[in-house]
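Structures are listed in the sections that come next.
In the two complexes that follow, chain A is the common piece, with chain B as its partner first and chain C second.
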Partner chain A sequence: MAAPASVAEVRNRRLALVVALIAPIALVNAFGFLVPVLNLARMSFYEVEPTGAMREAFSLATWAKVVADSFYAELIFNSVTVSLGITLLTLVCSYPIALYLHRSSGTWKTILLVLVISPLLTSAVVRTYGWIAILSENGLVNNALAALGLERMRLMFNETGVVIGLTEILMPYMILALLAGFGRLDRQIEEAASTLGAPPLTVFRRIILPLTLPGIALGCLLCFVLAVSSFITPKLLGGGRVFLLATEIYDQAIVTLNWPLAATLSILVLVIFGAALVLYTRALRAIM
Partner chain B sequence: MAYSGLFQERYTKAVVEPFMKANPGIKVEYFPMPNSAQMLGNLRAQKAAPQADVVIMDVSVSKAATDEKLLNKIDDKVSKNVADLYPNARIPDVDGVAVTFDNLVMLYNTDAVKEAPKSWMDLAKPEFKGKVAIPGMPDIQGLSLVLIMDRARGGTDYLKSVDKGIAALGEIAPNVQTWEPKPEVYVTIISGQATVGAGWNARAQVNTDTSNGKLQAVLPTEGSAFQINTINYVANGPGKDAGARFIDYALSPEAQKAFTESMFYAPTNAKAQISDAAIARTAVKSMDKVIPIDWIALAKVREPIMEQWRRKVIPLSR
Partner chain C sequence: MDERPVSLTLKLVALAMFAFLLAPLIVVVPISFSGDSYMMFPPTSWSLKWYPAIFADGKMTSAFWTSLLLACVVTALSLVIALPAAYALVRLKPRGAEALSSLFTAPLLLPTIVLGLAILIVFARYGLLATFPGLVAAHLVVTLPYALRILATALATLPIPVEEAAATLGASPFTVFRRITLPMMKSGLIGTTALCFLVSFDEVVLSLFMTGPRIQTLPVAMYHHVEQQADPLVAALSVLLVVLTLLVVLVVDRTSGLARTFVK
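Entry: the complex of A and B
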């Protein structure tokens, strides 16, 4: 009969198992994420000649340009504020739907869930083209306005179009994140509050909202990150007027061939994501 | 490696297939790419082991590739046809040579615009409010328009200042519906979403035919600018001599004639005998209207022009 394993041995074996389980994903992450990001960081210090030719050197020129040129400060500010606005709007539009979904049950709930998820099965490009059909000058909305004798409005090829399009495209993510965070919400607590005389608005403000804050934080983080990095929708609905980080990175990498500048801006996007993650963790700690 | 879409379709028929017929031992595989910069990206990535032998791309990108030592020089040793090219098809300090010339034209939808516009400044007319589609900077179509207007307004040296051109575009800007026509400016105008705009002649001519004349292209009074596509011989490509054979064929009078008659790019080989009907649809007969642009020198001032564009043109269109 084998001798019983000592406590230390068991602990070692457990540790080995944990390492073995984590190792594959750690490796994939190192090669698929860390190495490219480090490469990107290195590229941001390369030099670019006026003709677009790139030289592998160490130069702070690109970083200095990004810091000194007010256009990039505006670009970052604009990207962050527009994305925050879109996140807020998405939250406002998605919250009632998520709450209703959370409360419904059975087949009805399944049908609704499928309806919420179904837009994700269509690519953002197709959905954006759908919005072009709705928002363009001869689109659904403007034709309806004209039929009512009202003046046509410019709803796309500007910031309005980008905000409308992205809000709709991000709603499924927000709804799913909200639902995931609604675990603590219990119908009985709301009923208890009502029987104690709380009007519906108070029940919402003092019971429902605080209990759903984790879901709200998660949904907002997700939507903000997706909004900052979204590219197709601003490109198609922005009409070349809306400058955002993602579209600028595309222009620099693909049109003007300034890879170091594109790399620098990409690193800045990562910094913004890091900041959003820190804020999220803090918010979560304060809520829980 | 060359452009995707219409270019691929027509180039394959007019040049690649006849070449393969004449050289049964060589099989040409066409790697389509949407734009020159992505081709350069591929060349950079494959520097150690190139996958392509021949690349057709914009001259300014070709210059960058030359400086990064990604290309072989194309000279008389690669192709005897180089000697017959127009002088402006051989670009100093660029390893490739021009294979097509194209020029900027004004486009309009014949259903919406009854009288053909004549001047670029017609784009600023009140009846075109919200109806103008121009591929804006950093696309070189927007840049070309700045240079054309700068010269028309009396600018003398675009390497020093394009203030007059920027001011002219500022007058057009309030009418602009989109600086980013998608998927292409031609489709945008044919569909009636926009009714006037700017685009490249070759693609415009083909779209005129395929839209039964709904799209029309005009060479405005202020003139136009050339865009040059170069053919380039990739350094250390996998096919070795086959690349040179293809380049030689692509520059031959025969291939130049076939592609011009198929897609209306102006030929770069002076000996190409092109039908009058096809040549009339290129800028060859109106060379006096094409303003000279040194794309290589221009690259150095492209960034400051871009900054003026962002600060002085785009805000006026909001």
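Entry: the complex of A and C
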């Protein structure tokens, strides 16, 4: 029989066990996340020779190009404003659903929840394809317009299509975020307000809206961040005519093979993420 | 005073928004039965030809098998890798456990376009692009955080006294884990399996960076198909995929409660 293990021995054995148990996930994380992301940051300072070849150096050339070229300033401005518009539209479309879900109960609520989550679990490619069927030249909307004797509209291969498609694709995220933030909403407070004579709109503006602001802030942060980085939908519904940061990153990486430029634009996306997060924290502190 | 739980206006607006939300999924169903050779809504004629056309399309079928195999391998590996990690972080509570969990779930905070580019650059160096192991590794980066999070929550909410009782009665730690802890985590395990499978099967942005002419996943093949031509083939495929997704969701709902698995 071995002597009883000392405290230090037990602690060491425990540490060894922990290390053994988390080693596989740490390995995947290091090789698939940490190293690639650090490498990406470094690559934005690589030099690109006129031939297109890359040189491992420390150069600010790519950054200077992005700062100096007004194309990129416009690209960033456009990405941010389009994403903000999509976020706002998503909020307006999602809020009634979230409020309705919050007030329903039982089987009906479960069914509605499944209806909200199912699109989330369906590939963005499938849902974007559905939007092509609705918005294209021979799609649902245009054929309906034609049947009514109205003029066909151009709804795809422009920002309109991208905004409509992305709004719908982001709605489930917004609805779930809103629902998570609706916890403070109490039916009794609303009833008290209407008993005291407030018309429905006043109840909404003075009671419901302020109480649900944390959910709104969370949903907006989430949707903005997803809109800035989304790429499948803008690519398919924009048809190469809508220029956004995410689509530009893909093109630079896969088509032009200018990895330092793609890396620089990626870092800019992360900077925008950071700014959104700071704004969110500020907003949250102001409303809580 | 308004006593109805939901006002009529809210109900109508909410239902209209539900219609908007579900429109792209509903519209593909009639198109999948179209007899036209390119996408048109409403179709001018009807046929069932697009369903067999999927199976006749060699690219789609091989991409489907790649995606299915990939999703199964990724799901199995996610469980095998995340479960020990969750156990270590939740039960053994090493110093810095919280920092470690944040690090391990951090890939979810990164936009997939940035993550995809970052992985592309590093994996290119090791010749992992357009290879099955490369795809598995890339998918694991995004499925593992989900798996770790769900399993850690499942572990943290288990009643510990049951395990203590088993240990007191002489069961070894591993037996306790196998006979007591694991069965009690059933709903968490099912949720993890379903979510990892769906995330991997549907993953398209990372895959776009990682695939090539040599190997393609189904969403990537569909993406390229839609980019080049709009015919009803993808509609038929979409219907099959939506049915597959609903099936997975239904199984999860029956076995562990959908709301608990996905919303909480």
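FYI, the second predicted complex is superposed on the first by the 253 of 288 C-alpha atoms of A that agree within 3 Å, B and C clash if a C-alpha of one lies under 4 Å from a C-alpha of the other, contacts with A are read in each partner's own complex, and residues count from 1 in each chain.
Everything below uses one rule, namely that a contact is a pair of C-beta atoms (placed from the backbone, for glycine too) under 8 Å apart; a residue touches a chain by one contact, two chains touch by 3 or more.
In this text, all values refer to a predicted model and were calculated from it rather than measured experimentally.
Enquirer: Sharing chain A, do chain B and chain C clash or fit in the superposition?
Expert: Pair status: clash.
Enquirer: Could you look at A:L99 and tell me whether it touches chain B, chain C, both or neither (first, second, both, neither)?
Expert: After superposition on chain A, A:L99 lies in contact with chain C alone.
Enquirer: Mind working out whether A:L236 is in touch with chain B, chain C, both or neither, as first, second, both or neither?
Expert: In the superposition, A:L236 contacts both chain B and chain C.
Enquirer: For A:R154, select first, second, both or neither according to whether it touches chain B, chain C, the two together, or no partner.
Expert: It touches chain B, and chain C stays clear.
Enquirer: Based on the superposed arrangement, let me know which partner A:F71 touches: chain B (first), chain C (second), both, or neither?
Expert: In the superposition, A:F71 contacts chain B only.
Enquirer: With the two complexes superposed on chain A, say which partner A:F45 touches: chain B (first), chain C (second), both, or neither.
Expert: Neither partner.
Enquirer: Of chain B and chain C, which one touches more of chain A's residues?
Expert: The partner that reaches more residues of chain A in the superposed model: C.
Enquirer: After superposition on the shared chain, which partner residues are touched by A:L15: those of chain B (first), chain C (second), both, or neither?
Expert: A:L15 contacts chain C only, not chain B.
Enquirer: Which partner does A:A124 contact after superposing on A: first (chain B), second (chain C), both, neither?
Expert: A:A124 sits against chain C, while chain B stays out of touch.
Enquirer: Going by the contact rule set out at the top, does A:V114 touch chain B (first), chain C (second), both, or neither?
Expert: second
Enquirer: In the superposed arrangement, does A:I254 touch chain B (first), chain C (second), both or neither?
Expert: After superposition on chain A, A:I254 lies in contact with both partners, chain B and chain C.
Enquirer: Superposing on chain A puts chain C and chain B in one frame; which of 76-84, 130-138 or 220-228 is the clashing stretch?
Expert: Given the superposition on chain A, chain C and chain B clash at 220-228.
Enquirer: Could you list which residues of chain A make contact with chain B in one structure and with chain C in the other?
Expert: In the superposed arrangement, which is not itself an observed complex, chain A uses residues 136, 138, 235-236, 253-254 for both chain B and chain C.
Enquirer: If we count contacts the way the header does, which residues on chain C are in touch with chain A in the complex?
Expert: Per the touch definition, chain C meets chain A at residues 1-2, 5-7, 9-11, 13-14, 17-18, 20-28, 31, 38-42, 80-82, 84-85, 87-89, 92, 94, 100, 103-104, 106-107, 110-115, 117-123, 137-138, 140-141, 144, 148, 198, 202, 204-205, 208-209, 219, 222-223, 226-227, 230, 234-235, 238, 241-242, 245-246, 248-249, 253, 258-259, 262-263.
Enquirer: Spell out the residues on chain B that touch chain A in their complex, using ranges where they run on.
Expert: Where chain B meets chain A, its residues are 35, 37-38, 40-41, 44, 60-61, 63-68, 130, 136, 138-139, 177-180, 182, 192-193, 296, 299-300, 302-303, 306-307, 310-311, 314, 317-318.
Enquirer: For chain A, which residues count as touching chain B in their complex?
Expert: Residues 49-54, 71, 136-138, 154, 157-158, 235-236, 238-241, 243, 251, 253-257.
Enquirer: Give the list of chain A residues in touch with chain C in this complex.
Expert: Those residues of chain A that touch chain C are 14-15, 17-18, 20-22, 24-26, 28-29, 31-37, 39-40, 43, 93-94, 96-97, 99-100, 103-104, 110, 112-119, 121-134, 136, 138-140, 143, 165, 168, 171-172, 176, 179, 191, 194-195, 200, 225-226, 228-229, 231-232, 235-236, 246, 249-250, 253-254, 259, 262-263, 266, 269-270, 273.
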